[in-house]
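Here come two complexes built around subunit A, the first alongside subunit B, the second alongside subunit C.
Now for the complex of A and B:
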């Protein structure tokens, strides 16, 4: 069973990604629990399937505006649709991969599966998810952790 | 000896186009010349055979063939190649496994430009 105390691992990972990639700190709002299986998404979501010692998904979702500015802060001039998708997947991959520092090698992550404008949100494997709101500059994003 | 340092050919392997472009843009080591990039292990092996690089940056979580297997294949092709693993997988066991399979260094994502160049300098050592 995923423990609420383990959320710190993902919060720290998200903050580290923003700080390192952009030299500008992000902040997180109070994490909350969603029990109806639909935490919602912005325009893009990078989804990582988790297997091994934990099963479920971790996804990072952000609007186009945030991803555009993130790319620019990374000195990337190509803000194409392809790079938006690439970035949202890479952020999800980095946060999930970094979680292995605490959860170990048995926390197995997939390559990112990226969805854009998902009409029905992201398919959730379990009804119970933790949502970590992320604020960076004027933009809002979410990290969703749905693990057994 | 004329004091000039030989140029070393470098290949970048990562399934993220953004990361490939970032490594190419951010690396500031004069004697490294990027000769190509690949988005998975299969592409990397093919490109490696064509371009014969001296230095490789290698992601681990990739489709088709993952980075650990690719490290082994590249080392088998050219034992002297220097491979810097650049991965989000932050557990010690993965870093140790990569080194045991033939990698020479490990840089954890996310990374700053300074960290990337430091890791590449360390990788090159006396070369």
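Now for the complex of A and C:
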């Protein structure tokens, strides 16, 4: 059975990025399950592969609008594709780092892979995923955890 | 593997032995050949010098005699005497010098420079020299007048011619005497000289002979040494080949073996030789000279590292029993984490084993072998997980075997819809407190319904999970502020419920297949019977059952629920149901959910304990009557009545006030209808402590919601000590179905 503490490790990683980069905390929306294998993505997604005692993926996905405001908040006026991807990668990287530090025994965690505008979403290893909405100001991103 | 320390010690011993043998051979060569040879050669040289010296001086005796004879002749013939006198003087001086030097010969030290006469110091020769010296000294006295003569021994006159003068006559007399003495003395001196030369020749011959022997011995020794050197060289070459071969074998072993293998010295530093797998295991090449602590740093937690270092140091202590201390090896099976340069991380399980390597009695090294046991650990984990899953499946299966398959099938469909509904509720976006709180209430009703039905059909594995979910919801209800974070436990539990339901479906499928096999191999199927879906054990045997008539499954479920809740709460109750077959499909779920809550409420709150019922003159077993009546266009009337203690308005008011649902002042103004309405408020319960069957104030609220969502109405009538009756009017199905399905 999936443990809540494991879920929190990924969430804490995502929230920490917002707090650090913008000094404005993000909040967790109402989490839910997706059972059809299509948790959906926004324009950008940072994907982390997990293997070891649990296998699957974790990804953070955010819309262009949210990332633009985030960049502006960080005093970054260059809202190019590259910067968008870097920002999503940074969030995924922090989530990955948190997981490496806290998950403990038996987990193998990859470096993040950033995808933009995935036509068919992100390939999910299982049909059921946990979706945790991340709300920041008026924007919404989400963290998808799909592990065995 | 042979101890390197032992090999080294053996090699050192052999080198020491070689050196000793070489030194011994050199000393022997010096002692037996070189020094004696040198001395003999020196002696030989001395003899030759002396022989030459003596031989050369020996002629002086003849020269002296000749000079004397010549002098005699000249004196007789009046010839010129000065020449023989000079000859005599010269020969005499030469002989005197020779005798003096021969007499003065003495033995010299090893490092003194020899003279021509050194060999004459030999005692045997010395006697002859002494004799010679004596002879010469005696004879020289006769020569003294001759040597001392100066002048002319003649006088010339024309008349008398040449005649000896007085000095001449004296000279002639002395010469005559000297010549007479010479006849005796000269042969003696010659004999002395011959004795000396003979002795010298003998000595030289002896020296030559000895030198030849020494040379022969030297030759033999040299040949022996050369043979020995060749043998030594061959042995060394063979040994080097053996060492090279051993090293090559060791390298091949090191390159082939899958285990990491290396030595630790007393400072716990890794040696220069290690197996190739060691590099792969630790993902680094700089192992030689690396400290063990540095090797493990970052791979294992600080605490484990600290313990491991203490453990390794303890192994160096002779007082520690190796086998005993091995049982507390902190690296027996340790998880190591590798960070890649790219930022990734991986985990492996390594098994370290330590062995003492001794050189003689001392501990020389610690031999460390390291194996990657990740596969073994993963297999053990998988086995454990598989065992747990199997056990859980067996538990579920045993649970399923007690459940009516028709009820189970109906329950699975309903509960799946309810869980999907819960997930839909969660999925609704929410940021505000009110939105989260509304979700809690909505989910409560769904989960409570699942729990109620699971309890009713005796599916405890689901009931317990639903109960856990409900506990979480209850905690959220009491929480002052709600955020999405608080909902994380819910989705984990929801995931678990989904998974569990799925496993139940899979088990049912397996049971169904098993049943098919039983049908095909054993019993003949009943005529016209439809394929059955599961087995139902009863009194220790399994029977194949058929689908029940409409409404019969509800009756069975409610009766079981009443029995179970009664049994668990020390009460006895039975359900009597009538008209269930009249229910349209659209109301089956609603009525079932209502009836489940109502029956549970009736047993928990209405029916008294058996003794109390006896005291009140009632049957110890309470009765709950459920009746469904089709009222045509008016819809359906559901009546649920128990013959329990009835409702006490004071108790209802007191509980509502205590739970903060109404104020005391407000309650004082309530009429009977308003009091009854309190029963349906969320969170109302007369139970102080919540159990899985009562106390959360959810059941009646769920009934009210179901009735409202169906567009129906509910009424309550009660008589203290006699009964409580709920009358629910549901509209005709065309008006109700859509409303409920949407809920």
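Rule of thumb we're sticking to: the second predicted complex is superposed on the first by the 142 of 148 C-alpha atoms of A that agree within 3 Å, B and C clash if a C-alpha of one lies under 4 Å from a C-alpha of the other, contacts with A are read in each partner's own complex, and residues count from 1 in each chain.
Simple rule for what comes next: a residue touches a chain if its C-beta (ideal position, glycine included) is under 8 Å from a C-beta of that chain, and two chains touch if they have at least 3 such contacts.
All of these numbers come straight from a predicted model, not from anything done at the bench.
Contacts of A:111 after superposition: both subunit B and subunit C are touched. Contacts of A:90 after superposition: subunit B is touched, whereas subunit C is not reached. Of the two partner chains, neither subunit B nor subunit C is touched by A:36.
With both structures placed on the common chain, the touch criterion links A:82 to subunit B but leaves subunit C unconnected. By the touch criterion defined above, A:20 reaches subunit B but does not reach subunit C. Applying the stated contact rule after C-alpha superposition, one finds that A:100 touches each of subunit B and subunit C.
Once the two complexes are overlaid on the shared chain, A:130 sits against subunit C while remaining clear of subunit B. Of the two partner chains placed around the shared chain by superposition, subunit B is the only one that A:71 touches, whereas subunit C remains out of contact.
Shared contact residues on subunit A (touching subunit B in one structure, subunit C in the other): 93, 96, 100, 105, 107, 109-111.
Interface residues of subunit A facing subunit C in the complex, by the touch rule stated above, are 1-4, 7-8, 11, 27-33, 35, 52-53, 93, 96, 100, 105-111, 128, 130, 132-133, 135, 140. Considering their complex, residues 335, 337, 339, 342-347, 378, 381, 423, 426-431, 435-436, 439, 483-485, 487-492, 494-496, 498-499 of subunit C touch subunit A.
For subunit A in complex with subunit B, the residues that touch the partner chain are 16-17, 20-21, 71, 74-76, 78, 82-83, 86-87, 89-90, 93-101, 103-105, 107, 109-111.
Within the complex formed with subunit A, the residues of subunit B that make contact are 15-19, 21-22, 25, 61-63, 87-91, 93-94, 108-112.
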